[in-house]
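In the two assemblies presented below, subunit A is common to both, partnered first by subunit B and then by subunit C.
On to the complex of A and B.
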């Protein structure tokens, strides 16, 4: 049964999974080629700036992959009013587990290509003194971020409209409060506080805001 | 015909001094041009200064500070001056007379012009504090004396120069120079040499103390990074540079670097966008960070001692400001620089566990959803 669900999810998402995997493979190559043009040692600082700038692409890519795989797992169920799932002789939790596992398998190619891209790009680059490559660490961070993004979007997509509405309402309240505080001339910064709360330890999205550096000191 | 040859010979002999005079005339023309530029610069500065007296200006006075302003929000200027004083007081002391009658003219956009008792600073209405901070660094830099300033660079550090230590860490770690790498490893004497400290009679002596032959060759090799593909060699490389790099003639390397040292700090010609100088192991920002550490160690009055010290050598001034030996200042600087290392690229185990925790939580939430019930 897992194989059938995996095959169906692969058919729904292969159109963009392959391009995303190619992008994941190519980012490290451009990161190093664009950033490093010679062996003059003041280039090294420029290289680090370029790597940091390109590195911002990784959390965005992880979030995009998580969003696409997480939501596409449920999109056809929603369209078919869950008839297919209801006729299966399985409890809901088991069906969810199958869908979740199939999604995890589909995340693997993107994770592997990011790792291979990072590995090959650094393998064929002569780095200046004092700078080292961290392809394994980068791939590990990317794997965790993708996994988390996928789980979050999978959970939201699997829920009811009421649940999605509740999430949107919370976000809306935060934004409106910030706007009102701004109009009232208050120094209150709800958005920043909320962002800090979810991205700084022990916030759930901490892994997204770390150092996405393929090469570093 | 012999007469013709004789006339040609006489003409040739007459042409020699004329040619020499022509060379001298060209040199003089350069000097005159340079002086004209200076006159034009100071004319412009004087005009700028005069405009202050003619314009409808306000003066904001806070303690010893006086800021002349012609359009900026007075309250904002006052806040900015107060903030600047707060930054200085911890190191200068509240009773300082350093700020007495120091005027900051905040008028329109333009580069800083430091005159006898006034700084003309470009107006940045949305960040007056930063502008005054910048102007103060330039002003007090000029007060430290030419010799100290040639070591320190154009700016005297204020306390928040400590915040620049992560950048200094990066510079030190990335340096390919042997002396800087030894400093990074904890050799305090090498740190002193890396920061161009030590008494040296001539630039040649200093260059031999700071660098080994390989480093000197490396530095000369960095001077002209453009490669001429048609000629198959570096563009504009002089014979001396080729002898230094290809024939490993150390005398040529020293002569070239000493020439650069003597010719001043023409930084941009060699490393655009940086304050790296080929004759110094580390840049001026690094020197400034050492001075900032000395000021921190010195506490109250450190700034006054740094500026008013009569010592010529930078290390003596720093010792005076810090009230500690230069070794102690260097050790503290080294420790603080290492402490400013950026966080590791690796995912912290706790971060990985938190992520996995949320993955499991969201998976449970999805499994427990009542979507089809």
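On to the complex of A and C.
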């Protein structure tokens, strides 16, 4: 069963899985190679600046992969009102597990290419003294962010329109509260507080923020 | 006689204006049960309840001696379903959807599937999104039959198909039933089609079951009688008068009756009213009469 479910999700997502894998492999190269001309110590600051700038691509890539794989797992079932899945002689929880597992398998190529890209780029670059490469740590963080994004979007996409509406309503209430607070001249900053709550440890999205450094001090 | 499908006192509310209520139906094992009703009468909702896709607010459902929805997985493994609207993945080819089904249905019969691909002249590499309505209808029937089900639940399986495709699909169905003795629960508003193949009939209207009986009883028991000299008060009759209409001249009445048998002509002998004519009604006329009577009795719906 897993094989055919994996095949179905591969069929629906293969169009962009390869480009995403290429991007994952290429980011480390651009981080270290483009615009960096030497190994002199006075280049170190410029290098770190460049690495930090390109590093923003990783959380964006992780979120994009999670979104694409998570939603493509369900979009075709949604179109058929889930009737096909519901009349298969399989418990519903097991069908969800099959779809989730198949998505995890499809995430693997992107994770592997990011790791290989980071390893290759640091292998062929001579770093200034005092600067060290962290390809394994970066790949591990990318893997964690991708899994988190995938799980989040998978859960949202598997829900009903009513569930999606509830999520949007909560977001809308936060935005409207912020607007009203601004009009009333209040110092209340709901958006910032909400953002901090989810992106600062132990917030669930903490892994996405901060600097994604392939090389650092 | 055991029943392949049984519901008792089923109730389900779909939206603000429609409700399935007090639905008790029994589909005898081995029968071909025609589930008739006008559009919007609750046929599809009933089927979805029977398959465990919806949960009733009250009542019980049993399919192949399994409680629904609790044991729906086991029941679905032995049930072939053709939905009203095809729900297959459009980007899949015929071959891919056959593989998908084979992976999930342990009773899948590859030889039967191959035979039906040939009979229906389907191309294995054709994408479902590029198939005509007729080809999709054939594929849906193929998928249901190649599962070798004990029960076939068919929701308007031939709706919108041309006569040639309709005949092909029904032939394949009847061939399967004669080989395997499966029970068929088929909904349709194409009354003539069901008249040819069904041995039981149930009629839905506005969320409730109006009638359920063997097809023979339904066809032979509903008649139109032309009677004359009708007194103001009609005495107890051995049949059920469903409707009474006075003809244009006012000399006679036309009665639509149920439970008619030929010996009942004795009722009219030597008394008033007098019987002039007995007209056979085909299933469609009987169906229409039945609905009219049901609506007169429950005008609020």
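The definition used in the following text is that the second predicted complex is superposed on the first by the 215 of 217 C-alpha atoms of A that agree within 3 Å, B and C clash if a C-alpha of one lies under 4 Å from a C-alpha of the other, contacts with A are read in each partner's own complex, and residues count from 1 in each chain.
Going forward, contacts are C-beta pairs under 8 Å (C-beta built on N, C-alpha and C of every residue); 3 or more make two chains touch, one makes a residue touch a chain.
These figures come from a predicted structure and were not determined experimentally.
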Partners on subunit A (subunit B, subunit C) - clash or fit: fit
Subunit B versus subunit C as contact partner of A:14, first or second or both or neither: neither
Which superposed partner A:56 touches (first subunit B, second subunit C, both, neither): neither
Partner chain in contact with A:3 - subunit B first, subunit C second, else both or neither: second
Angular separation of subunit B and subunit C about subunit A, which is computed from CA centres of the superposed model and rounded to the nearest 10 °: 160
In the superposition, subunit B vs subunit C on subunit A residues touched: B
Which of subunit B and subunit C A:197 touches, first, second, both or neither: neither
Which of subunit B and subunit C A:159 touches, first, second, both or neither: first
Which superposed partner A:89 touches (first subunit B, second subunit C, both, neither): second
Partner chain(s) touched by A:97 [first = subunit B, second = subunit C, both, neither]: first
Touching partner for A:210 - first (subunit B), second (subunit C), both, neither: first
Contacts of A:44 with subunit B and subunit C, given as first, second, both or neither: first
Overlay on chain A, subunit C to subunit B nearest C-alpha distance, Å: 5
Common interface residues of subunit A - those touching subunit B in one complex and subunit C in the other: 86
Parts of subunit A lying in touch with subunit C, wherever the complex brings them together: 1, 3-4, 7-8, 11-12, 76, 79-81, 83-84, 86-91
Complex contact set, residues of subunit C against subunit A: 51-53, 73-74, 76-77, 79, 81, 83, 87-92, 96, 99-100, 103-106
Subunit A contact footprint on subunit B (complex, rising order): 169-171, 173-176, 181, 222, 225, 271, 273-274, 276, 341-347, 350-352, 354-356, 358-359, 362-363, 365-373
Of all residues in subunit A, those that touch subunit B in their complex: 38, 40-42, 44-45, 48, 82, 85-86, 92-93, 96-97, 100, 128-131, 134, 137-138, 140-141, 144-145, 147-148, 151-152, 154-155, 158-160, 163, 201-204, 206-207, 210-211, 213, 216-217
